[in-house]
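Pasting a structure here, questions to come.
Every chain is named by a letter (A, B, C, D and E) in the order it is written, and numbering of its residues begins at 1.
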Amino acid sequence: MSRIVVHGLEKSYGDARVLERVNVTAEAGEFLSLVGASGCGKSTFLRILLGQEQQSGGVVVVGDQPIVPQPTPQRGIVFQRYSVFPHLTALQNLLLVEDFRSGGPFGRVFGVKRRNARQEADTMLERVGLAHARDLYPASLSGGMQQRLAIAQTLLGRPQILLLDEPFGALDPGIRVEMHELLTELWSEHGMTVVMVTHDISEAFKLGTRLLVFDKVRHDPQFPSAYGATITYDLKLDRKSRASARDVAKVAAMVGTTRLDSANATAAS
Amino acid sequence: MSRIVVHGLEKSYGDARVLERVNVTAEAGEFLSLVGASGCGKSTFLRILLGQEQQSGGVVVVGDQPIVPQPTPQRGIVFQRYSVFPHLTALQNLLLVEDFRSGGPFGRVFGVKRRNARQEADTMLERVGLAHARDLYPASLSGGMQQRLAIAQTLLGRPQILLLDEPFGALDPGIRVEMHELLTELWSEHGMTVVMVTHDISEAFKLGTRLLVFDKVRHDPQFPSAYGATITYDLKLDRKSRASARDVAKVAAMVGTTRLDSANATAAS
Amino acid sequence: AAPKKDFKICWSIYVGWMPWGYLSDSGIMKKWADKYGINVEITRINDYVESINQYTAGGFDGCSMTNMDALSIPAGGGVDTTALIVGDFSNGNDAVILKDKAALKDIAGQKVNLVELSVSHYLLARALDTVGLVEKDIAVVNTSDADMVAAYGTSDVTSVVTWNPLVSEIVAMPGAHKVFDSAQIPGEIIDLMVVNTETLKDNPALGKALVGAWYEAMALMTSGTPEGKAAKEEMAKASGTDLAGFDAQLASTAMFFEPVKAVDFTNGAELPKTMDLVRNFLFSHGILGTNAPSVDVIGMSFADGSTLGDAKNVKLRFDPAYMALAAAGTL
Amino acid sequence: MNAVPEGGAEVPRAPRRRPRLRLINATVSRGGALFLGALPFAAVAVAYLFASAQRLAVNPSDKLLPSPAQMWSAFLDLATVPDKRSGDLILWADTFASLVRLFAGVGVATLAALCLGVAIGFIPRVRAFLLPFVTVVCVIPPLAMLPILFIALGLGETAKITLIALGVAPVMVRDIANRVMELPPELVAKAQTLGANSWTMVLRLVLPQVTPRLITCVRLALGPAWLFLIAAEAIASTEGLGYRIFLVRRYLSMDVILPYVAWITLLAVITDWLLVRLSHVISPWAHPVQDK
Amino acid sequence: MNAVPEGGAEVPRAPRRRPRLRLINATVSRGGALFLGALPFAAVAVAYLFASAQRLAVNPSDKLLPSPAQMWSAFLDLATVPDKRSGDLILWADTFASLVRLFAGVGVATLAALCLGVAIGFIPRVRAFLLPFVTVVCVIPPLAMLPILFIALGLGETAKITLIALGVAPVMVRDIANRVMELPPELVAKAQTLGANSWTMVLRLVLPQVTPRLITCVRLALGPAWLFLIAAEAIASTEGLGYRIFLVRRYLSMDVILPYVAWITLLAVITDWLLVRLSHVISPWAHPVQDK
């Protein structure tokens, strides 16, 4: 539904440059898998796309408009450190989506709309396997359950652009497969553009239509934060056919070896 | 160094039973990999072993003593939701370990001891690839970097029993392998008993000397929290030889299919 | 100001002013106000200084206060004020009390706790005069009246100057000696009901109603009837004590129960002399304004038409006309 | 491979005696808590009785530390003997008058804290506009402004309620604003991705999140509120707990003052307890059940 | 497969005008913040000037709302003309005396808040022992207990400092205790696994974590502290800012009171600002740099 154009993106925190010269165009409906070394700036990239943080330089266009530095319902996010609303039960967390969407003076819907929202929420709770935990507060949920709740909440929002930061990291293999199916289903149904960060290379291959690797190309051993990461690898994937083990291994090696931190550690030792 | 004996362990929160009839004995120096469905009680089990929470029933013996309901330096933990001390920089977080260990009226060490501690901390920072981030506060670290810092801190404490709750979930494949090596090295050096929860079955096979699967054996579709999980599968592993793909698939299927939540979801729909 | 119908006066708790509360509760005030076709609302303000401030700021048309405060606050603040009723003067109600010392001379070199710049301060200055001391010979410590009794109980405090009912409370404590009191300077600490001059000029009915009501209460108090006793009991209760305590306080107050006496006192030759002492005290303590050029900045006028201070800036007027009406029984 | 749960060969015994725990982990039983909590009160009571007996032995008419019997009889008088003038039971009339003022004042302050605090904490423009002013107002001693307050508002109930509200509101406003600024930015971002606008975020995110803190704020503000109530009643009023204390203070009637203070304390403790319960009811999520 | 970064075919343009942001996201520029922040002060100043001019037109020697010129000259007098009696410059002598009392009182209260607050928040036994007592003490109006305070401590500086400390400490103690109880249990557990005992945890975990809150507490307490200072100086003293205000209140010298209140406010604002700086220096981690 919405394309994303990133051109010459830069991001620094004080002296430390995190991202530099990031150029990428994602057509509407693409599913971008992002991989890269820990700490290279993937979450930062998502936060910029979300509008939660502002880039230091470059242009980001979402849809037809240059990005506005604030989150909008056009873009949905699942944060790396799962965050749901602690003052609401699982069910209430999902009902909140319709309440927020409808706006209104009370920030909640009533009557038929509420019943519909409730049904939808219940369906979603079952799909992510939280039906039995509908009336628990997040503090009483396990890590994986909170993560699933966060995913469910974001998916209920039906964003045009979906930003996912290691969404399935805390899930067991079984539920992870189910969540893959759920995501794929919604994706093909609504055709939203997805940007997903993951550390699981086969997951990246399995879900994405395109795989991006973030890494540093320049490196200063004395002052490792002088240069930022950029996109070093951009691979079109065929979602139908399974990725070859060779490809997976190749990407894994890429993420594993050119990683800044270890390079730095090696340089220093 | 210390064996763990768990007998007839039960844990309920209010009406909801999380664990029941858990029996397991871990000899000193064993490396237990724990897998199980999301929300089945693995973290709860670790919290009980740690002494942060008290069991509702049964006996837990660590070393020769029934467990005291408080954490001690005998046992180290890496929490699922990485927690380091937010008021200390990466380096200070590691120095704190020696400060706490030595006790003393000021809660910090001075002189030679401090220099040694500093050296040790620096070495550890390099080993986990955080040398360049030594003076950053946790708020400025990425998720994976915080996780590595938490692991480094716990390892520096040299506990006799090491409790790890999805320690490598937020790490990229490259650093994950390095962390595996680091852990294995320290384990064989100090021979501590390790209990590690993970959702990565091949990681469980790779690192553990024994693999435990948590799951529910009894199930009430009307009231899913009536019964708790227990250990349904207990497998001795050979760390030297690589696990067969068949074994991995078998365990993965186990975690994937008998999972309570989906069972419940299916039952309800 | 144009003539109006509704008036507000305020008073605070002090033995000589307790009748004001009774007037309002018993309906006497309403009776007199109705007679002259006006409404008078009587409000009690617990804090004495606050009541004067409220009057000065224009919140009330009349207020009970001492002659000294009438000169320093409303008159000093440019509010032309008339002393409508001269109710009493302190005749022992204010006193200098020493702990474990029996002579006023012994006060030299001590710390003296009192409400600074109040009539106590004035009393102390007059007391020091009588033994040839000056304020430099002692050290004044400002102490709030509410805390005076408790303060006297501490070992830090060796001498206090204060008023009733605090005096009787303190004198009852061990070691307390009253070494000087207002009975030794009779007629200098005068308790008044003052009203805004302009308001009074435009509304003589206010003056008549207040004076009429006041002297009805005075008559009741001295009547010796059960009603009179009941009235005094109520006043006692309202001031937080009982009849005996109230009578004891009355004993050291020279009340002008008959209007004639008040008129005589106001016409007397002593009053201008007293006011001269007072204004000199105020001026030397900087209370007439931090940049008052001389003691004459504020003018006062007396019953005989004589003035003291700046005759062009008369702000405090002693006018027995209304009390004279009461004395003549023509109200 | 064996699928049978292991263990059971040697069954460990349950611990015989309670293990020694670190200070911070040693929990206290219900009874123990009651006992420990009562100790300081008992100590104060004993100290008072001792000092009082000593002073009364020296001077039987000492007023500073009256005996419990004296206080009780004075208190009973106030609570049960109707006032001759008005026919009221003084204690209850005073209590009613004071509580009305107190709750009105604190209520206004709470409302202000909620509206202003949320606006200042949540909306940068309002923050830039009002925070400096509130910070400055916060430190102006209200008692010094009393004359102006009374002249502007008269001497009626309005002025008293305003004094209480002005006295406690600024601290509450700043505290609530701080809390709102401490809200995790992830939650705010997430709400916006779900289509929330500023107003719905206030309703559904900010208010519920600050409610427990607001109640704590009110609990903390009640102490100063009583203080301002007493100060206000000391200046202008004809009934009220503070007025009564003011009235008898010049006679050093501690036999009335002390029971009144105890009574105020009791009322305040009950209010505090009710607020804690309220917080549990409104925001159960903020009070997880301890299962230690 | 291509390893060359993509994009660049069509270079998007930078936005021309500032986009309209939601209320809560619209940040304020430095200049804008200054302007907005100054508005309420300007409004108050204008309102005052207007009211003052009006009253003075009616009665030129009106004392309630003096003109700025009158206040300035009165203030200059106090600040530069030595007092006839003592030879002191009154303003500075008052300021010095008051600040010593204020800081001593707040210092004692802060120390108490730190020690008691941490102990109550961290150690269940101490909590059971002291929390009920502190909760009750918190609501006893200190002014009502003054007589007893005097007798115990005399009328000197000790009593004044104690009054200030007693006035502000209970709220601070409860607040710090609350904060300590809110510490994430994971951090406490982790510290214990690293070998910390209760004491070292207090030193290295609890103290650093509550320091920013403690400073906030002190900032919030300074308002009430000034109040108690003024109340304390009203009791018995010979110099001090509160003493002067009470003294000249006797003749409604608002030309002295208002500059004094403004001076107190200025001192308080400076203190507040210094405390904020201190918090940034001591606890940089609690004040992440905003990069919006």
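Please note the rule applied: a residue touches a chain if its C-beta (ideal position, glycine included) is under 8 Å from a C-beta of that chain, and two chains touch if they have at least 3 such contacts.
Here the structure is a predicted model, which is why all the values come from computation and not from measurement.
Looking at subunit A and subunit E, the chains in contact with each of them are B, D.
Between subunit A and subunit B the centroid-to-centroid distance comes to 26 Å (mean Cα coordinates, whole Å).
Taking each chain's centre as the average of its CA atoms, subunit C and subunit D sit 41 Å apart.
Centre-to-centre separation between subunit B and subunit D, using Cα means, comes to 43 Å.
One finds 19 Å separating the Cα centroids of subunit D and subunit E.
Residue positions of subunit A with contacts to 2 or more other chains are 13, 70, 81, 140.
The multi-chain contact residues of subunit D, meaning those touching 2 or more other chains, are 22, 25, 64, 147, 151, 192, 197, 249, 252. Multi-chain contact residues, meaning those touching two or more other chains, occur in subunit C at positions 53, 57, 147, 149-150, 153. If you check each pair of chains against the touch rule, the ones that pass are A-B, A-D, A-E, B-D, B-E, C-D, C-E, D-E. Subunit C meets subunit D in the complex at residues 13, 25, 43-47, 50, 53-54, 57-59, 145-150, 153, 165-166, 169, 172, 174, 233-234, 237-238, 240-241. Taken together, the subunit A residues at the contact with subunit D in this complex read 50, 52, 70-73, 75-77, 79, 81, 83, 85-88, 96-97, 99-101, 103-108, 137, 139-140, 153-154, 157, 159. For subunit A in complex with subunit E, the residues that touch the partner chain are 5-7, 13-14, 21-25, 53-54, 59, 61, 65-66, 68-70, 230-236. Within the complex formed with subunit D, the residues of subunit E that make contact are 22-28, 32-33, 36-41, 64, 122-125, 127-133, 135-136, 138-145, 147-148, 151, 167, 170-171, 174-175, 178, 188, 192, 197-198, 201, 216, 220, 222-224, 226-227, 230-231, 242, 245, 249, 252, 254, 257, 260-261, 264-265, 268-269, 272.
Within the complex, the subunit E residues that touch subunit A are 1-15, 19, 21-22, 25, 289, 291-292.
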